[in-house]
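So, here's a batch of structures to check.
Paired with subunit B in one complex and with subunit C in the other, subunit A is shared by the two complexes that follow.
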Partner chain A sequence: MVAAMPDCQASVDDFVTKLRRRQVEGSQNTAKQTAELLRLVISNQRLPNVGQAAVLIDVVKTVGLRMIAANPIELAVGNIVRRILHIIREEDVSLTSPAVPGVSVESDDDESDTKSSYSAAAVAAANRSALRAPSLHNLLESIPDPVKAPEAPAASVADSESRSRSGDRNSVSWKLKHNVIEGISELLQDLENYHSQVAEQAIEHIHQNEVILTLGRSRSLLQFLLEAKKKRSFQVVIAEGAPKYQGHILSKELAEKGLQTTVITDSAIFAMISRVNMVIVGAHAVMANGGVLAPVGMHMVALAARRHAVPFVVLAGVHKLCPQYPHNPYTLLNDMKSPAEIVDFGELSDCLDVGTGGQSTYVVNPTFDYIPPELVSLFITDTGGHNPSYVYRLIAEYYSPEDYVLQ
Partner chain B sequence: MAKKGGKPSLLPLVPDDIEVHVPLQALLLADSFTTKFRPITLEKPKVLLPLVNVPLIDYTLEWLASAGVEECFVFCCAHAAQVTSHLTKAKWRSQPNFAVTPIESHDCVSAGDALRLIEQRGVIRGDFVLVSGDTVSNMSLKEVVKEHQERRKKDKLAVMTMVVKRAKPSPSTYQTRLGNDELLLAIDPQSKQLLHYDPGRESGGRDNHQHQSNQRHVKLERSALNDRPSVQLCTNLQDCHIDICSPEVLTLFTDNFDYQQIRRDFVRGLLSDEIMGNKIFTYEIGREYAARVENLRAYDVVSQDVIHRWTYPMVPDIPFGADTSGMRFERCNVYKATGISLSRTSTVGENSVVGQGTEIGEGTSIRRSVIGRGCRIGKNVSIEGCHIWDNVTIEDDAQLKYSIVCDGAAVKAGAILKPGVVLSFKVVIGPKFIVPAYSKISMMPQPTEEDSSDEELEYADAASGRAESPRSPFLEDGDSRNGSAAEDEEEVDESGNWDPDEVGETGAGYRWSIRDGTQEEDWRHSVAPIPAEKIRELVAAEEEGETEEADNDIGAAARDTPAGPGVEDEEELSGDEDDDFEKEVEGTFLRLAEGVSGVQQEHVVIEVNSLKLAYNKTFADCAGAMFKALMSLALGLPYTSAKELLANTKDVVIKWGSLLQKFLKGSDDEHEILLTFEEVCLESHKEFAPLFSQILQEMYDKDIISEDAIMAWAKEKQDADDNDKVFVKQSEPFIQWLKEAPEEDDDDEDE
Partner chain C sequence: MDSRRRSVVIGPKVRQVGFVTPNADIPGDGSGMEKEVLNLTANSPTPVTIVPTRPVIEVPQKTEPVAVPSPSTRRPVDVEIPSAPAGSYNPADPVLEGSSLPSSKGGSTINEGYSVASEGAAESSPLGKPGTTTVGFSERVKHKASDPTIATVPAEGGVPGGKPVKGSKVSNQAIPALAGVDSKSSGAPPADGSKPLKERTSKAERRAKQEADRAAKQAAREGAAGTGAAGGDNSQPKNSKGKKDVVSEKKGAQAPERKGTDKSSEKEKKMEVPAPRLQFDDKERVAKAKRRSLVEQTETKNRVELFRHLPQFVYGTQLPSLEAKFFQDCATHPHPAVYKVGLQYLTGDIVGGNSRCVAMLMALRSMIMDYETPAEKTLVRDLVTRTNNHVNFLISCRPLSISMGNAIRFLKARIAKLDPTLPEVEAKANLVAQIDAFMQEKIVFADKEIIKHAVTKIRDGDVVLTHGYSSIVEMILVRAKEMGKKFRVVIIDSRPKLEGRRLLRSLLSKDIHCTYTHTNATSYIMQEVTRVFLGAASVLANGTVYSRVGTACVAMVAHAYGVPVMICCETYKFHERVQLDSITSNELGDPDALVKVAGWKESALVGWAENDQLQLLNLTYDATPADYVSMIITELGMVPPTSVPVILREYRKEPTL
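Right after this comes the complex of A and B.
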C-alpha cells in the first residue's frame, strides 16, 4: 500500500473527522468534497514508472475506505470513490492499449473539433449524455468509431503535455495522472450542474394545472419546480416532513417565487393523494435494485401514490446511484439520530429509562425510509429519465464491477 | 492549522483569515475532587472510567473538538500519569485542529486550587470553556460563546455564562436521574442573569444532612429585586456544569483563595458579593444534550442516554476517541461489536452493548447492560442493568443485577450480585457466594483515616497506592492479582488471606464497610434502581413540601418587600427572624438590668448594634425591640394595682431612658417606638393599655419621644379605624395640651 503525501494526509484526516462527526451534510456537498479531496490525493501522489494505475487505485482505495468507514450511511462518498476508481481504470485501458493500432479512443476526433482534449472520461461523458434519449440510433452513432481515424497522433492532445516531453515513458506516466485529474474535474462539473440538468427536464413532466405532491425539501426538487413554473402554472402540495420540517422551508421558497403551495402534515398524505396528479420527491440514494433511500416518511407517500395510481417520480443525480443492494435497510442503511429532534428532553426526562427500573419510554428517530423499486415510477437523473429496472444498466455505465465491493 | 473548523470550506487548504483569530480555549478538569466513585477511583481516575466502553474523557474531548474548541488544557491531578498516557494513546495530542495540552499537578485538592494554578501558568488568553472531564454533551458551543462575548462587550462584569438544561420538574426526576436534589435557580427572565443558586442538600456538603429538602426557604437579596420587573424561580432546570468564563474568573479564584468548589464557593460567592458586582448569566440549551457524570446513578442514567442516542453523534456505533472499531447497531438499541461470539441460545435484550471479543455462553440472557471487551460470560448467566467492563469473567449460572464490575474482575459459578454492588478491579467473588446489595468490594483496603470533608479527593490515597493500574484491556494478568494489589497495604500479608465472609471461598477483595452517614446515600447514588418505597417517600415529601412552601411564600414575599421603616404591618408579617432578634435584644438588656457583673450600658449598646447588623435591622427596629424589653422588665416587677405598675414603668423609663435614646436617631425612630408601644398594649401586655397616655407623657417628659413624633403619630392615626384610634383618643388631652402650648418650656409642667 502506498501512503499518500503527508500534506494531503492532513486534509484527508480533517475530512474523515468531519464525516465522522456528521458535520458534512447533503449528498451533493459530500460528493463534491470527496471528489475534490481525491483529486488532491491523486495529484499529490508520486507515481512509479510501471504499474501506475495500480498505485493510483491502491491509494484511492485506501483513502476511500477510510472515508466510507467514517460515515457508512452517506453513500455518496462510496459512490464517488468508485466513480474515480472507474475513471482510473478506463484511462489506464485507453493509455496502455494504443499499442494496438486504432483502438485509441483519443484519436476519435470526428465528434467535435472544438474539444481540445479527448480523454476516455470525456468520451464516456459524451456517451452518457447520449443516454438521455436512448434510441438505438444514438447509441450506435456515439460509440467512438475506431476505424474512422486510425492514424491520429496520440500526442495531439494539449499544450500542457509538451512540458513533459522529456521522455516518452515519462509523458505517458504523466498523462495518466493528467487524464484522471481531468476526468475528476469533469465529474465535479457534472455534480455542479446536476441540479440544472435535472431541472431542464421539468417541462416534459409537469403539465398545466397539475397538482404535485412532495415531502420534505431538496435542492433539485426546488429547482425542478421553479423551472417548470417558468412555462406552466400548477399547484404544489407539500407534506412538512417531520421531524426536520423542511417542507415548511420549501413552501416559503416556492411561495416567494409565486408558486401556489399547500402545506399539509405528513399524516394527511393519504387524505390528499387522491387530488394529486404526480408525486415528485428527492432522494438520498438509489440502490442497485432501483430501490430508494429517502427521508423518513417517504415510504408512506410511495404507498399512497401506488394505492391511488399516482406516478411516483424520484429526482436523483447520478452521484446518488449506488452499486450496492439494500440488505437490511432498516439498520445498516439508516441513520438513527438523536431523539431530541422529535421530542424535547425536558418533556420526557421523568419517564425515560431512569433509576426506577420500571418500564419507560423509548424514542426512535430514523432518518431514512427504504422504498422498494416496485413503488417507483420514474427516476429523473441528470442523464434523463429512467425506469427502476434500468438502474442496473446505469450502474454498469458508471462503475467497474471490480469496485462494487471495496476492500 | 489555526483554521476554524466550523467553516464549511471545501478543503482546508488555504487558511486565509487575515484578522487576528483568537482560538477558543477550553479548560478541562480531569479530576472531580470528590470520592463518589470510590473504590474504583483509587486505582483509576474517574475520567478514564468507561462509559459504554469509551472513557469518559473521550466524550468530553470529542465534544469540545467537534464544537470548534481549538485549544484544550487538561488539568490532571489524581493519577495524572494515567490521564496523560491516555491522551497520547488515544491520539488526542496529535489532532490537527485541536491542541490538547495536559497540565499536571500533585498538590491540588480542589477545583479552586486547579484554577489558581492555571492562572499562574498564564495559558488562558481569552474567554474559555470550563468543563469537567466527565461531561457528556453534544451541544454546539458557537451560540453560547457568541452570546457570552457579546454580553461582555457591553458589560465587563458579566464574567460567566452557565449552561442549563430544562428537565421535567417531577418530584422524583432529580433523584432518579442524576441522584441530586432539586436545583433552585432564580433568574431574571429578561437578561437571563442568575440571581440565586441553591443546589439543595448538596450545598453544604455532607454535614448538611439534616437539612430537609422540603423545608427550603428562598432568601433573595433585596437588591436582586430592585429594578427588575420580574424574577423567575426555576426548579425545572438542570445545571450542565458547562461554563463559559472570562479570564477574570481565574483572577477571582486567585483573589479569593478560600474558594474551593466552582458551584458551592465561586458561584454563590459571586452572587452574594455585591461590591464587585460581577454577574453570572445562564444559557438554556434546547434540543441538545448535556449532563455530567457526578455519581454512579448519573453514570447509569447517562449510559442509557448514550445507548438511546440522545448524545448523537457520540453513540456506540460511531467510533471516536481511542476506539476505532465501531459497532453494529441493531433494532431496539442493541449494539454488537465485530468479532463477538454469541451462542445460539443466548439472548441480548434491548438497550444493550456487547464489546469486541466477548464470548457469551449458552442460555445466557443480557438485558439493559453494557458488556466490555474481551469478557468471558458462561452459561445460563443472567445479567440485568449491569455495567461490565473489560476482561471480566463471569462463570456459569451467575446472576448479576444492577451492578458495576470493573476490569479484570471475576464472578465464579453460581455467585449472585444483588443490586447496587460495585466490584472494583480484579476482585474475585467465590462460587455460590451472595454479595449483599450496595456492597463495594475492592482489592484496595478501605482507607482508614476518616476524612469526611468534601475536599477529600481520589488522589490523596492514590499517591500512597499504586500509580499504575491495570490498563491493558486485552491482557489477562490474573496472576499478579493478589500480589500487586496488596503490596503497599499495611495489614495485608500475602495473597489468599481474604475473608470468605466478604467475598466467598476462593474469592479476593475487601468489602468496604459502610460508614455512618453514607447509609442513606447508598440507594441515592448507586446504579441500582431506587426502591419503590423510597420513591414514594420522595414524592410524599415533595407534596408535603409543596403545601408548606405555599405558606412560606407569603413570609418570603413579605420579607422581600422593600418595607420602609414606617409601615406598620411589617412586624406582624415577618417571621421567626424578628422574634429572634427581639429575644436577643431583650436578653441583652435584661443582663444589664439584672446587674450581671461587668455588663455596662455601653456594652449593651455595642451588642445591640452588632445584632442590628447581624439581623440586618434598622435603628427603629432596635429601638422598638429595646422598648419592648423595657416594658417587659417593668411588667416583671411586682405590682398590685395599675398605679403601682405605672410607678414601676416610670422608674424603668427614667432609669433606662438614656439607653433607649441611643437608638433614637430621628423622629421616625420615635414614631416607631410609639407604634411598638401601641402593639405592646394591644397584644402582648394588655396591662399597659389603660396607662398608655400616662406612660406616653412620661416618655415625653424624659425627652425620649419628641413632640414632633407624637404629632405625626396622632396625625397618621386620624384616618385610621376606630379600634386603631383607641390610644389616640386616650391621649387626646395630652395631645391637645401639646398643641395648645407650643414652644413652651418643658421644665415645669406637672399634671
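Right after this comes the complex of A and C.
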C-alpha cells in the first residue's frame, strides 16, 4: 500500500477524527467533504511513470478505508470512495485504449468518417466491457468489435505496456490525474445539485390538494415540496421525529413559504395516515437490495403506509446508493445515541438509587431504522424514479464490481 | 307537531325497548316515567338536551373559608375506592407531579372541605349499609333546612333555571322576578304536565323559543364583548327590558327540554344504536350547546380542517370562569364534589379511563347523597335531570371517555328503575349502594380477575413491551414480579404526555428491569420483545381498540414482527359503537403541549399560532384495527377481538346492568 503524501496527511487525519467524533453529519455533507479530501489527496500525489492508475487506486483505497473505519455507519463515505475509484478506473481505460494500436482516434482523423465512427464505437465498447459486468446490453453492443474487445480488459492491468508504447509519456501521466480530478469535480457538482435535480421531479408526483405525510426533516424533501408548491397547492402533515424533532423546523420552514402544514406527534402517525395520499421521506442510505436506512421511526411510517396502501416514496441522491447488502442492519448499520436525548440527566435519579438492587434501566436511542424493499414504493433519485428492485442495476452503473468490497 | 303526537301515542309500548327497563310496568306517574326513559335514550356522549325544570342545588355552606382552586393546585383527589388494590387508580399518585406547575396550597382547603363528605361516604360504602348512610343524610338534611337560601326559592313548579350559560347572569335578584311571572306564564307548564296542556301551548312555545333564541344570540354577542366580565353586569340590559324578556327567557329554557324529548322519541325505535355524538362542525347545534354550557370557552386558533367536528378550546380558558363561579349560589350550579372533579379533569390532574370514571362516580355519589327532592317533584324524575346537568358540566370540562359514558348510562338506568314509592332516604341509599357495587364489580374485581388471567401469559425470560401508562398493565407487571417471574419490561413512551415515565418510576421502585424509549424506536426494540401488553380506553363492537394515541403504532409494529398483542380491558369499557379510523371520533389535546420539548431550551415552534398556515395537532386517542390484536383480556376471560360483540350482547342482558 502507498501512503498518502505527507502534506495532505494532516487534513486526512483531521477529517477522520471529525468522522469518528460524529462531528460531520448528514450524508450530503459527508459525501462532499470526502470527495474534496480525496481530490486533494489525488492532486498532491506524485505519480510514477508506470502504473499510475494502480498507484492512485491504492492511495484512494488506503485513505478511504481509514475514513470508512472512522464512521462505518456513514455509508456515504464508502460510496464516494467507490465512486472515485470507479472514476479512476474509467479514466484510465479511456486514456489507455486509444493507445491500443488500430483503434486510436487521433491517428485516424484523416481517414473516412465511417472508419472513425467505427473506431469510436469500438473504444466505447471496450470501455464498457472493461468496466462493467457483462450484461445483455453490453453483449449486444460489443458484437461489432469482437476482436478488440477482449484486449481491452487487460489494458487497465497491463497499462504499463501500452503506456510505454505511447510517445508522450508526460502528457499521458498528467492527463490521467487531470481527468480524475475533473471527474471528482463533476461528482461534487452533482452532489451540489442533487437537491434541485430531485426537486425538479416534484411536479410529476405531487398533485393538487394532496395530503403528504413525512417524518423529520431532510433538505431534499424541503426543496422537493417547495418546488411542488410553485405549481400546486397541497397539505403537508409532519411527524415531529423524536428524538431530534426536526419536524418542527421543517414545519416552520414550509409554513413560512405558505404551505399548509400540520405537525403531529409521532404516535399519531397511524391515526393520520388513513387520510394521507402519499408519504415522502428522505433517506440516510439505500442498500443494494433496495432496502432503506432512514431516521428512526420510518419503519413505522412505512408499515402504516403499507397498511393503508399509501405510496411510500423515498428521496435519495445517487451518492446514497450503497453497494452493500444489509446484514442485520438494526445492529450493524445503526448508531446508538446518548440517552440524554430521551431522558434528561437526573430525571430518574430519585427512583434509580432507591430502586436498584442490581437492576439497571436501559434507555435506548437508536438513530436509524431499516425499511425492507417491499415497503418502498418508489425511489426518486437525481437520475429519475426507480423501483427498489432496480437499485442493484443503478449500483452497477456507478461502481466497479471490484470495489464492492474494499480491502 | 307530528312527532309530538306520535311520541304521546307510542309512549307506553316503546318504553320497553332496550336494556333500560326490563320491567316496563312502573307503577304510578306514567307521564313522568315516560319522560325519564326518553331522556335515557339521549344519554351520554351527546350533551343531553334537558334543562332542569327546577334546579335547586344548594351548596352546603361550609363555615370554614374555602380557597378558590387555581390551575396550579395539583393536589390529588381524595377519591377512594373501597378496598382498592394497591391504590392503583388512585390519582393521588404523586408521580405525575414531576412535570407539573408549581403547586400552591391554595386548593387544598377545598379538598379537605369535601373530603370529609366523601370519606364519610366511603365508610358506608360496602353494599347496603343503609344505617350509616342515613345518619349522614339526616345530618345533611338538617344542615340544609337551616340554609336560608332555600326559602328564597319558590317551591312552585316551573321555575326554569334558564340556560346554564346565563345561570350566572340571571343571578339571585332575578329569581323573585321569575317567581312572580311564573304563575302567569302560559308557556311554562309544570314539567309533569298532562298531554292536552302540552298541545295547547305548543304554538306559544315555539314563538317563545324563537324569542329565546334571539335573546340568546344577543346575550352571546354581549358575552363576546366582555368575556372576562363576571356575572352580574351582563344581565343588566336584559333585566331593564322588564318582565316580557324574563318570560321569554324562561320559556326558552323550557323549550329545549320539550324538544329533547321529541327527538328522543323518534330515536326510540333504534335504541340499540348508540346516540350520535355532537359534531362540532355543525354550527347550529354547537351554538345551541354553547348557550347551555356553564363554561366559557374560546376556540383554538389554527384548527386542523380534518378535525373540525371535534371540540377544541384554548387550554385553560375555561378555568378562570369556572373558578369565579365556584361559590356562586346559582340554581343550576353543579354540586361541589362534581365541580371539583370537573376542574381536575380540566387541569389534567385526573387522567386515565379508570380513575376518571371512579372520580366521576364518587362525585355523583356525593351529589346523590346530598340530594333532596324538591317539593312536588318525584325523585326519579328530578334526579335524572340533575344527573344530566352534572354530566353536561363534566363534558364541558373534558369530553367524556367511553367508560364514563357507560357508567353514566348505568347510573341513569338505576335511577329510572327506582321504585317511586320508596322513601327518599332509602332510594338514595339504594343508589349509593348501586354505585359502590358498580365500582367494586366492574372495576376493582374486574381488574383482579384480569390480572389473574394476564399473569399466566408472562413466562420466565419474557420481554414485555407496553406503551404509556395503563393502571391495569402496571398491576399485571407488579403482580407477575411478586409471583417471582423473571421478565423484563420495555416501556414505549410518547410525547407530549410522557405517561410512560410514571410507569417507569413505579416499576423501578418494584425492582423490575426496564428499558425505556420513545415511539419511534418501537421497530428497533420490537425485535427482542416477546409479549405486548396494552391498556385500552374502550373496545368497540367491531373489535377496534380505542386507546391512547400510539397504541395503534405499537400494535402494528408488533404485528409486523409477529409478537402477540394483548389488550387488557374491563368489560364495562366495551361499547356498541363501531369505528374504522381515529379521525371520526377522537379528542383533541392542547396543541401548545407540542411546542415544548422536554429538556430543550428552545423550540422551533414557539409562536406557531402567528402563522395561520401552521397547525399543531395533538390527538389523544387512536383506533387499533382488530387484526393487530391477538387477544383481549377481560374479567370474563381471554377473548379474540371478534368476540367483543358477543360479550356486549351477553353483558347487556345481565341483570346488573
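One rule holds in what follows: the second predicted complex is superposed on the first by the 331 of 407 C-alpha atoms of A that agree within 3 Å, B and C clash if a C-alpha of one lies under 4 Å from a C-alpha of the other, contacts with A are read in each partner's own complex, and residues count from 1 in each chain.
Everything below uses one rule, namely that a residue touches a chain if its C-beta (ideal position, glycine included) is under 8 Å from a C-beta of that chain, and two chains touch if they have at least 3 such contacts.
Not measured: the values here are computed from a predicted model.
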Combined model on subunit A: subunit C and subunit B, fit or clash: fit
First, second, both or neither for A:Glu192, with subunit B first and subunit C second: neither
Which superposed partner A:Thr261 touches (first subunit B, second subunit C, both, neither): second
Which superposed partner A:Asp344 touches (first subunit B, second subunit C, both, neither): both
Partner chain in contact with A:Glu374 - subunit B first, subunit C second, else both or neither: neither
Subunit B versus subunit C as contact partner of A:Asn365, first or second or both or neither: both
First, second, both or neither for A:Gln23, with subunit B first and subunit C second: first
If touched residues of subunit A are counted for subunit B and for subunit C, the larger one: C
Overlay on shared chain A, then closest C-alpha pair between subunit B and subunit C (Å): 7
Touching both subunit C and subunit B, counted on subunit A across the two superposed complexes: 330, 340, 344, 347-348, 352, 354-357, 362-363, 365
Subunit B to subunit A touching residues, read off their complex: 1, 5, 8, 10-13, 62, 65-66, 95-97, 138, 165-168, 170, 172-173, 175-177, 179, 236, 286-289, 297, 300-301, 304-305, 308-313, 315, 318-320, 326, 328-331, 333, 351, 368, 385, 402, 528-530, 532, 535
In the complex, subunit C residues that touch subunit A: 304, 306, 494-496, 501, 504-505, 508-525, 527, 549-550, 552-553, 556-557, 560, 581-583, 586, 594, 597-600, 603-605, 608, 611, 613-619, 622-625
Parts of subunit A lying in touch with subunit B, wherever the complex brings them together: 10-11, 13-15, 17-18, 20-23, 29, 32-33, 36-37, 40, 69, 330-332, 336-341, 344-350, 352-358, 362-363, 365
Residue numbers on subunit A that touch subunit C, as the complex places them: 240-243, 245, 248-249, 251-252, 254-256, 258-272, 274-275, 296-297, 299-300, 303-304, 307, 330, 334, 340, 342-344, 347-348, 351-352, 354-357, 359-366, 369
